[in-house]
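Please read through the structure below; I'll follow up with questions.
Chain naming follows the written order as A, B, C and D, and within any one chain the residues start at number 1.
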Amino acid sequence: MSITYLEAIREAQAKLLRDDERVFIYGQDVGGTFGGAFKATKGLAREFPGRVLNTPISEDAIVGTAIGAALHGMRPIVEMQFADFSSLALNQILNNAGTHYWRTNVPVPITIRLPSGGTKGSGPFHSQSMESIYAHYPGLIVMTPATVEDAYTMLIEAVAIDDPVVYCEHKYLYYHLKADKLPTEGLPAGKARIAREGRDLTIVTYSAMVQEALAVAEELASDGFEIEVVDLRTVKPLDTDTVLASVARTGRLLCVGESFPWGGATAEVIARVTSEGFHLLDAPPQRVNAKDTPIPYHPNLWSVHRPNAKSIAAKARNLLRE
Amino acid sequence: MLQTAQRSSETIKTKAVPHERFLEAFRWMLLARTFEEKLVSLYRGGLITGGVYIGKGQEAVSVACGLFLQKGDIFAPLIRDQAGRSAFGEPLVDVARTYLGSRQGPMRGRDGNIHRGLPRQGQLAMISHLGAMVSVTVGALMAKRFKGEKNFIGLSCIGEGGMQTGSFHEGMNLAAVEQVPLVIVATNNHYAYSTPNEREFACAELVDRAKGYGFEGYNLDGTDLSACLDVIGSAVKRARAGRPPQLLVASTLRLSGHGEHDDASYVTDEIKREPFAQDCLKRADKLIVDLNLVDAKRLQGWRDDAAAQVDQAITTAQKEAAPDANEDWCAISTRALVDQAQ
Amino acid sequence: MLQTAQRSSETIKTKAVPHERFLEAFRWMLLARTFEEKLVSLYRGGLITGGVYIGKGQEAVSVACGLFLQKGDIFAPLIRDQAGRSAFGEPLVDVARTYLGSRQGPMRGRDGNIHRGLPRQGQLAMISHLGAMVSVTVGALMAKRFKGEKNFIGLSCIGEGGMQTGSFHEGMNLAAVEQVPLVIVATNNHYAYSTPNEREFACAELVDRAKGYGFEGYNLDGTDLSACLDVIGSAVKRARAGRPPQLLVASTLRLSGHGEHDDASYVTDEIKREPFAQDCLKRADKLIVDLNLVDAKRLQGWRDDAAAQVDQAITTAQKEAAPDANEDWCAISTRALVDQAQ
Amino acid sequence: MSITYLEAIREAQAKLLRDDERVFIYGQDVGGTFGGAFKATKGLAREFPGRVLNTPISEDAIVGTAIGAALHGMRPIVEMQFADFSSLALNQILNNAGTHYWRTNVPVPITIRLPSGGTKGSGPFHSQSMESIYAHYPGLIVMTPATVEDAYTMLIEAVAIDDPVVYCEHKYLYYHLKADKLPTEGLPAGKARIAREGRDLTIVTYSAMVQEALAVAEELASDGFEIEVVDLRTVKPLDTDTVLASVARTGRLLCVGESFPWGGATAEVIARVTSEGFHLLDAPPQRVNAKDTPIPYHPNLWSVHRPNAKSIAAKARNLLRE
């Protein structure tokens, strides 16, 4: 048997619906015989009648409704059709869900699934990675699973957590990434994972870029370099300890993220490492991000816009030379 | 099912509203007015930080919102709903605590003035962004239905200004799609802050929006307590009986500034002479006197009682400690996850 | 002013629409259908990257949107508006270029498929987020008024799904407040992607929303070209004449998947038998034949011409170069400001 | 004569309306006899009839309308009543205005004024600083004026620029900050300013925190330290050169921002300095930001939540000791 990243997300939701009657799924096209634009909820509406519900095209109200339901005992999972459309629910996410516990002492256990990141030909409005926006504001946990196993266990954990979780699943991994079977347990949220050990350079990354980083590590291994790859898993909370420990071993830091270059996860990691572990570094920390333009439609442009094994490897080689 | 009707109820002699209910409502209104007058004087004296937003002129609508709700219902009050909040059960001392920033208040000094709530008791804590609480109310009602609860309804308040937000539209539409037992009480007080109706909307009647969502819609005179009790009470009953969601649009004038920092000099004299500019509390008071529903002494007793309640709430809250800045500054409840690095 | 009316026009024999207009519209519909069939086959053959979204079954509404607009007007087409875009003047080769990612297209490979536009010529470039283009149209009309232009109108398209967005509500309301000459053409094709009307809204008639904004509202049969020309043409005329904004709601069925990746297996057989499921192009074609408006040979000539135009557009675009990744990657026009550090 | 930061904003708008018939002002309560929640447009509706227009409470449509008007030749200035409410216009700002030029080659010259930042008792929804959200996305210029002079010249420049500008004016400075007169010219957007020269430590900051930083510099001067203060003026584009040149002189970097701690301007500055000027640093770069919770209402809490001269000075002293 082999299971994809997308199937893991579907299986996690099936399990959640099965095990916890407080769970329901809410979003555009998630229900009926259709099961979502990416089929992440395929079959669930039939298996769990009345608990997988289609909504109007009303992102703000979808999240508002989930908040209200969560306040009164439910554990809603919201699917945004694309992460990009969550810009319209952002106010409810940041200002309502994100502030509620701190203001009232009553937590808001909602999980918002954001199909994120670029795929070929998807263009400016179906390719965005928004984790840095959500992580900037207080009150939210922001997950960015990079493996089939994490996609599964982290979604289950997201629903268990009493706080609002923004779960950024990467569309590029949906079909590309496969595992033999689903795990029974995983690392907890807030813990980074050493995806590959090394001692010459640390690449800190998350989501689809973990695969690119691993490819770079493989490539550079043939040149005799041992690259350590840290998969952040959750960009907020961010596991500074694991990152620092890795940099302590390698002395070199390269941060890679698929979102836009100004601010965001890669800047945050560098700011933390340099302020808390400055003397661990033998060379200037470096970043690779997407370019500072909207995400292009044409594959020629897109393949250059997003970081990839080639651009990451180039940066890594430079850094190893310093 | 989709008709839009105009209701009016000139006096309580219509029998639609029993005297007791009217008098009970009147006392909540009195309490709210007395309390808010006190807040205003504290604010003027520099004893309240931030803003003070009062419901003067809107107590009749507001009290009717709170009065027909029961334990198990969901209430999403807004800026001008002191009367309704009290009638629904919010302790006055909690309001004082919120305005004065006591650490014992429900918001513990973290949030102030109108942004308070008791979500566990069904009173939602509004965020400032208008329109946002409608869908939250819908969600709470869905949760109750999921859990098999019975006989609950939700009531969400809005101003005519807030009705123009996208969030309000989406929430209202979703309520109809989900067929939850929701009553939306909109108060057209003719201004959103300084902006008059002409720059807010261009339809003849806001209540005409009901039909376009599958709501039942009714207008009401927000200065007439008896009408408010009748129309809002009936809508609550219909919602409990499983009718479609209800939209009520009350007409009033805000008899204060937008907040107490605002002198409302933009409110025209012309508009102040409109029927909807009447003071609902004075109208109710006059009716009580005219119909001799309560004698002067008892009425004075009520006033004294309101003043005493207000004094006590304020005095209690004023004695309480301010929040301690040495807190753990953690915005999530799952503390084990908290990022130690920050 | 606020009445909501139902219009119907069974055949062009009503004289409301002259033959020439009907035939002109038919040819645009034919061109759009032919072009989109070609796109579909290119997509199936793996020659188009990304999505293909077609307007099959909605050409009659769409063409009527484009046909009555003039130079100086503003058109905000949406997903299913190939016919209207062409009728408004968008060169077919630009569409081909956009789908094929030619660097010579208006979007230069940066954006694809339906997200194209020629803003300088009055055809707005939609973003995906539904509802967002209504207020942009309002703003363009305000600009024209500010500049003292005359005799312009704007026409903004939307699906019944997009009507549920907050953005749409705000845009529509603002149009009424600003009293700009706007026509909104909503097409209820009974699905938003896979979601049927029951989960989109709960009102009896979407057109009933018009009144609640101060729009004039009309329904129309989107499968009847003659009705589309009549109702949309009349609304455009009213808008030009200074009447309040117009909301038109057409009834159709999407005769394709949401996009070409979608087999639309969720569309029920029952719904496929509804009158609104008729193919507007076939209906128009049949009318032409039945009334013998054009002889078979001429009709075939039109078909051949459409095919030739499509071939030429595609062939031209296919020969053109793809965008060059060695561009300067600058998202702002004020290049001097560009941050050199990134 | 003396003129406040707020009056400078009003005067800039008066001048713009006077000099350029393409300019109009659009927003809640900006018109009538009222002139805005903060009176930034006081009197302008009367002076410029029909060009200072009240709107319904419809942030999304307000910005959408401004975009449409800008595309057809106007130069709209949008006033958000508070920056915090721009969350509801964010989709139009990021996805419509921010992408338009790159997609279509047609720029969108709109200016969006965001009354930003904390003041006493304003609480979670009337205190936010959102520059880091807007700067993260491509296609926008994000201004954060810290002086009366900049408030004036930068607003005039914002309207002149063909691209969308998010102009973050700080409410705390409205009345607190005064100048003798209005300047006739200023530095261009994208250029940082040395607000005070020094040689022991560089504080990089912007908006209201410039005043706090200057107070810290003054305070530490009495201990014999010379603190250089760099006012970024625009957080995007960000003037890395000026920052690096300053760090080259001082060897020590402290970044201060009033927004939330994860990501954002301070992380971006540190990431740039450490990746491009690592060897200029004699000590780990440090940050002071607001705390990672919503912005509290109570003054006791608020004064601790936001960075201030005291907390900045403490951090600066530590850093000087390293």
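The rule is short, and it goes like this: contacts are C-beta pairs under 8 Å (C-beta built on N, C-alpha and C of every residue); 3 or more make two chains touch, one makes a residue touch a chain.
Small disclaimer: the values here were computed from a predicted structure and weren't measured.
A.B. asks: Is the C-beta contact count larger for B-D or for C-D?
C.D. replies: Greater number of contacting C-beta pairs: C-D.
A.B. asks: Taking CA centroids for every chain, report which one is farthest away from chain C.
C.D. replies: Relative to chain C, the chain whose C-alpha centre sits farthest away is B.
A.B. asks: Rounded to a whole Å, what is the gap between the Cα centroids of chain B and chain C?
C.D. replies: That gives a centre separation of 43 Å.
A.B. asks: With centres defined as the mean C-alpha position, give me the chain B-chain D separation in Å.
C.D. replies: 36
A.B. asks: Can you compute the centre-to-centre distance for chain A and chain B, using the mean CA position of each chain? Integer Å is fine.
C.D. replies: The separation of the two C-alpha centroids amounts to 40 Å.
A.B. asks: Name the residues of chain B that each touch 2 or more other chains.
C.D. replies: Residue numbers touching two or more other chains: 107, 110-111, 115, 127-129, 131, 164-167, 170, 173, 177, 199-201, 330-331, 339.
A.B. asks: What parts of chain A, by residue number, touch at least two of the other chains?
C.D. replies: 55-56, 58-61, 84, 87-88, 91, 95, 98-99, 102-103, 124-125, 138-139, 236, 238, 262, 276, 291-294
A.B. asks: Chains as vertices, touching pairs as edges: which of line, ring, star, complete or other describes this one?
C.D. replies: Shape of the chain contacts: complete, all pairs touching.
A.B. asks: What part of chain D is in contact with chain C in the complex they form?
C.D. replies: 22, 24, 55-56, 58-74, 76, 91-92, 95-96, 98-107, 138-141, 161-163, 188-190, 236-238, 240-241, 272, 276
A.B. asks: In the complex of these two chains, what residues of chain D are touching chain B?
C.D. replies: 28-29, 31-34, 37, 53-61, 81, 84-85, 87-88, 120-126, 261-262, 291-294, 296-301, 303-305
A.B. asks: What residues of chain C sit close enough to touch chain A in their complex?
C.D. replies: 49-51, 101, 107, 109-113, 115, 127-131, 161-162, 164-167, 192-196, 199-201, 265-266, 322-325, 327, 329-331, 339, 342
A.B. asks: Which chain C residues qualify as touching chain D in the complex?
C.D. replies: Going by the criterion above, the answer is residues 74, 106-108, 110-111, 115, 117, 119-120, 124-125, 127-129, 132-144, 146-147, 166-167, 170-171, 173-174, 177-178, 330-334, 336-341.
A.B. asks: Mind listing the chain C positions that touch chain B in their complex?
C.D. replies: Chain C residues touching chain B: 2, 131, 164-170, 173, 176-177, 179, 198-204, 206, 208-214, 244.
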